[in-house]
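Below, each structure is written out as structure tokens.
Next come two complexes, and both contain subunit A; in the first it sits with subunit B, in the second with subunit C.
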Partner chain A sequence: MDLSRAQAALLERGTPAQRKAMRILVALGEMNGARDLVPVTSAHVSGASYKLIGDPGLEFLEDFARDARVVVPTTVNPLGTDLRQWRALGIPRSFAEKQRRIARAYERMGVRPTYSCVPYELGVRPGLGDHVAWSESNAVCFANSVLGARTNREGGPSALAAAIVGATPNYGLHTSGGRRPTVVVRVTTRPRGFDYSLLGLVAGERVGDGLPYFRGFRASEADLKWLGAALASSGSCGMFHLAGVTPEAAGVRTRGLPTIRVTRADLRDAQRSYTNGKDPDVIALGSPQLSSDELRAIARLVDRKEPRIPVWVFTSRAAREANPGAVRSIESRGGVVLADTCLEVTLLEHRFGTVATPSGKGAYYLPSLCRQKVVLDDIEALLERYA
Partner chain B sequence: MKVLARPIAPGRASAIATVSRVPFSFVGGADPVTGRILDRSTDAAGTKLAGRTFAFPHGKGSTVGSYVLYGLVKRGRGPASIVNARAEAIVAVGAVLAGIPMVDGVDVAGLRTGDRVIVDADRGFVDLPDVRAVPVVTAILRNAGRILLVRRSGRVGSFRGRWSAVSGYLEGHEDTRDRARREIREETGITRARFRGTAPAIIARVGTTAYVVHPFLFDVPTRRVRLDWENVESQWIRVDDLGKYATVPRLADVVAAVTA
Partner chain C sequence: MAKLPIHWIEVRVHCHATEEEPRVLQALETACPVGGMKREILEGHFGNPLVRLTRRVDRAADIAEVWTQWTSTGLLAKVAHDVDARVDDEGVLHFRIDKQRAYAGALDLAIDPDTMDVRVKLMAFPAKPEEARRVARVLAGGGP
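Let's turn to the complex of A and B:
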């Protein structure tokens, strides 16, 4: 791989953290046939929940933070609990304490304490053609597909390495060739709201690590958030196109590609197959974290009808603080609004065995990451049924 | 035996090998405190990783494995080096973080637990000083969906009576593909063989001897075969039937490497 003079100097004579970061990027670049390292304008790092990375992750991050400093704006994924509400949630003190140490390690490195899986809803919106180094699969899918920025599906350490060096290996979704669709997904039904999660689950299962080109429907940015999150969970897609909507769809050729059809019946089947529980203990909303608009919409729904089981909402700190009225509404009806954490990375399984959620991503991960049962359904239907 | 390898994480280490034939996850596969291997499918369960060259096909499982490897090496409970057939990000990142040498592109099925191994990721090779390398070429001949097996005669130096593909020893620094063509001419009389592909070397171990097999695939226009003294009979078989024949070691892997 070709290194610039400055990059070669970092590899040879940088601080220990810089040398390690360069070695990670060179190893991954060589493994994947990258030509060089491309400069990035931002980084987003996953791997902040103590529940997921445990003592090994905590130990590494604290060691690394001794001299690692990020050189581009860097955001970080949700923590394993809301550190301002952990006592009320019944989280063990040792868990909260270790979670706090992970957060401190990231902050020492200069990472912005966003603790969010939706950096694109917090003002981090790279433009068309901008190279970035993001991990967190839903954010990767959104950045590539909806914003037209360029990032591979980075892992936590590789995104952190890119943040420290300011560059990432140039291959895959950073290259125009890597952004061409491999399969057309013709959707024969008109998706609304919750359907986007189901469509993502179905398409992800069928295209695997391919790059789908959807046609047959229009969608808002919020719809595409839920589509991409589910698509990147059941499949390992880092990007999709949607004809007439996403910024790079017009410029690609689809002639000769295999075509998959997704019907209304496929969506219904997905909902059934991802529902493996009944009688949920909680309705959980998040994964990815809700935006301000989505938070307010939930508040309006619970205002109309008080739910019998608690509603737990996961959102960003910024959205929670910007919407005190919505938070009050939800909390006054037995609900909880958590910030800085999210559905499947939070410590929740000690309280609830079965979770009802409209999130396709949540339905995909809860059974394995949290050993919980799932009821997958539309939020309005859930509130209707459990009110 | 010295084989070329692709450097993944820099450094050089000499150690005794622990070999797993199956992919490995550092999360759940090894005790993060003691470095004891827990995964029973590895044939190395119960042994400790500390100070060993750990060879396995490739990593799998949770990405937290990178941090587990880091922590093990930091406490002196981790491997001295890593050899993979095909590196992936979890183990590669873990080896870099831990600061241990790692290479890939090596047929780890040719390594044995207990082998003395030098991993040189700076110069890109793996050396087994106690193992004698015997470089050979093996040419899989294909005609209309069948491949040629020949049964080795009693007059050859090794694997007498076993089924094999056309093969021969490499001499000096000759080109492997040229040698393959010459063996095809000598052993079958076929002169018009079309090169279709090759693959990284397969290592067939017999005690302290390692046959380093360079596999080739050729399409040939005829099934008429004129054997020389090295073989006593020949058969054109379907690849699926290979398991019914008593073959030289790892012939199935050689066939799979070039026909997959």
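Let's turn to the complex of A and C:
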């Protein structure tokens, strides 16, 4: 692989963290046939929840943080709990302490303590054609598809390596060829609200690691957030196009591609197949974290109808602090508004057995990551049923 | 985190007639420093003697130690990129470590055929391949 003089110097004479980061990037590049490393304008790192990365991840990060410093603006994924509310949530002290050490390690490296899976809602919005190195599947899908930025679906360590070097291997979704659609998904129903999560689940299952080109509907940015999150969960996709909506859809050829049809019945089937529980213990809203608009919408809903079971809302710290009225409203109805953490990476299993959620991504990961049964439904239907 | 969602790890390497077994053992120790060792004497396709060394790790603390090493050397960062394709229908994650580099003390994925085979049996509930792939994504990549 062709390295610039500065990159070669990092590989040979950098600090231990820089050498390790370069070795990871070069190996990844060689495995994937990259010609060179392309400079990135930002990085987003996953692997911040102690629940998921455990002691091996904690040790790795603390060791790395001794001399690793990021050289591009870098944000980080949600933690395993809200460190300002862990006692009230019944989180064991040892868990919270180790979680705090992970946060400190990232901060020592210069990572912005966003602890959010939606960096694109916190002002980190790379422009069309910008190269970035993001992990967190929903953020990758959003950056590529909606913003037109270029990132592969990085793992946490490779995104961190890119943040330290300021570059990432140039292959896959960084290249124009890698962004061409491989399958047309013709949607014959008009999705609304919760349907976008279902559509993402259905399309992801059928497309696998392909790159779908959706036709047949229009959608807002918020809708595409939920579509992409579910799509990148049930499939390995890192990008999609939507005809007439996403920035690169107009310039691609779809003639001759295989076509998949998704109908209203397919969406209902997906809802049924991802629902494996009944009588939920909690309604959980997040995965990805809710935006300010979504947080306020939930506050209005619970104001209208007080739920009988707890409502846990996951959002970013910025959205929580920007919406004190909505937070008060939800909490006065027995809800909990959690920041810096998210649904499937947080510790839920010590309290609940069945979660009701409208999130396709949540429904996909909750059974395996949180040992939860799932009721997948629209938020209004859930509040109607459990109020 | 109580323990990693892994039932067991197995690392297997063949020592050919042209190789010195202590050196192959050293490479195996680099890849997997703990766990029970099994040594089998086999016969190759042409009647050549072959020794297979297998290290199996079952204890949670040992699994965590091996996983820490693989994380800290960046090995798992490389596995994370195509982790879905590396999980078989039995819920076992497969990858291969470069034997020569391991002998020299470094861990890297193998490109040529001189390899150590790694198998990681994942805990997935229900025990379906798609569940195991979810677990593998999170284990190798640090998040969903």
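Keep in mind that, in the parts below, the second predicted complex is superposed on the first by the 387 of 387 C-alpha atoms of A that agree within 3 Å, B and C clash if a C-alpha of one lies under 4 Å from a C-alpha of the other, contacts with A are read in each partner's own complex, and residues count from 1 in each chain.
Note that contacts are C-beta pairs under 8 Å (C-beta built on N, C-alpha and C of every residue); 3 or more make two chains touch, one makes a residue touch a chain.
None of the values given here were measured: they were computed from a predicted structure.
Asks: Let's test your reading of the overlay: on subunit A, do subunit B and subunit C clash or fit side by side?
Replies: clash
Asks: With both structures superposed, pick whichever of subunit B and subunit C touches the larger number of subunit A residues.
Replies: Comparing subunit B with subunit C, the partner touching more subunit A residues is C.
Asks: With both complexes superposed on chain A, which partner does A:Asp293 reach: first (subunit B), second (subunit C), both or neither?
Replies: Neither partner.
Asks: Quick one: classify A:Asp55 as touching subunit B (first), subunit C (second), both or neither.
Replies: both
Asks: Just subunit B (first), just subunit C (second), both, or neither: which does A:Leu28 touch?
Replies: both
Asks: If you stack the two complexes on chain A, which partner ends up touching A:Arg371: first (subunit B), second (subunit C), both, or neither?
Replies: A:Arg371: touches subunit C, not subunit B.
Asks: Mind working out whether A:Ser236 is in touch with subunit B, subunit C, both or neither, as first, second, both or neither?
Replies: After superposing on A, A:Ser236 lies in contact with subunit C but is clear of subunit B.
Asks: Touch test for A:Glu384: subunit B only (first), subunit C only (second), both, or neither?
Replies: neither
Asks: Contacts for A:Val345 in the overlay, against subunit B (first) and subunit C (second): which applies, first, second, both or neither?
Replies: Only subunit C is touched by A:Val345; subunit B is not.
Asks: Overlap the subunit B and subunit C contact sets on subunit A and report the shared residues.
Replies: Common interface on subunit A, subunit B vs subunit C: 20, 23-24, 27-28, 30-31, 47, 52-57, 59-60, 63, 155-158.
Asks: Which bits of subunit B are touching subunit A when the two form their complex?
Replies: Interface residues on subunit B, with respect to subunit A: 6-10, 32, 63-64, 66-68, 70-71, 74, 87-90, 92-93, 95-97, 99, 104.
Asks: In the complex of these two chains, what residues of subunit A are touching subunit C?
Replies: That would be residues 20, 23-24, 27-28, 30-32, 45-57, 59-60, 63-64, 77, 95, 135-137, 152-158, 161, 209, 233, 236, 344-345, 361, 364-365, 367-369, 371 of subunit A.
Asks: Quick one: in the complex, what on subunit A touches subunit B?
Replies: 20, 23-24, 27-28, 30-31, 47, 52-57, 59-60, 63, 155-158
Asks: Once bound in the complex, which stretches of subunit C touch subunit A?
Replies: Residue list for subunit C touching subunit A: 1, 3-4, 64, 67-68, 70-74, 76-78, 80-81, 83-84, 108-109, 111, 124-125, 131, 134-135, 138, 140-144.
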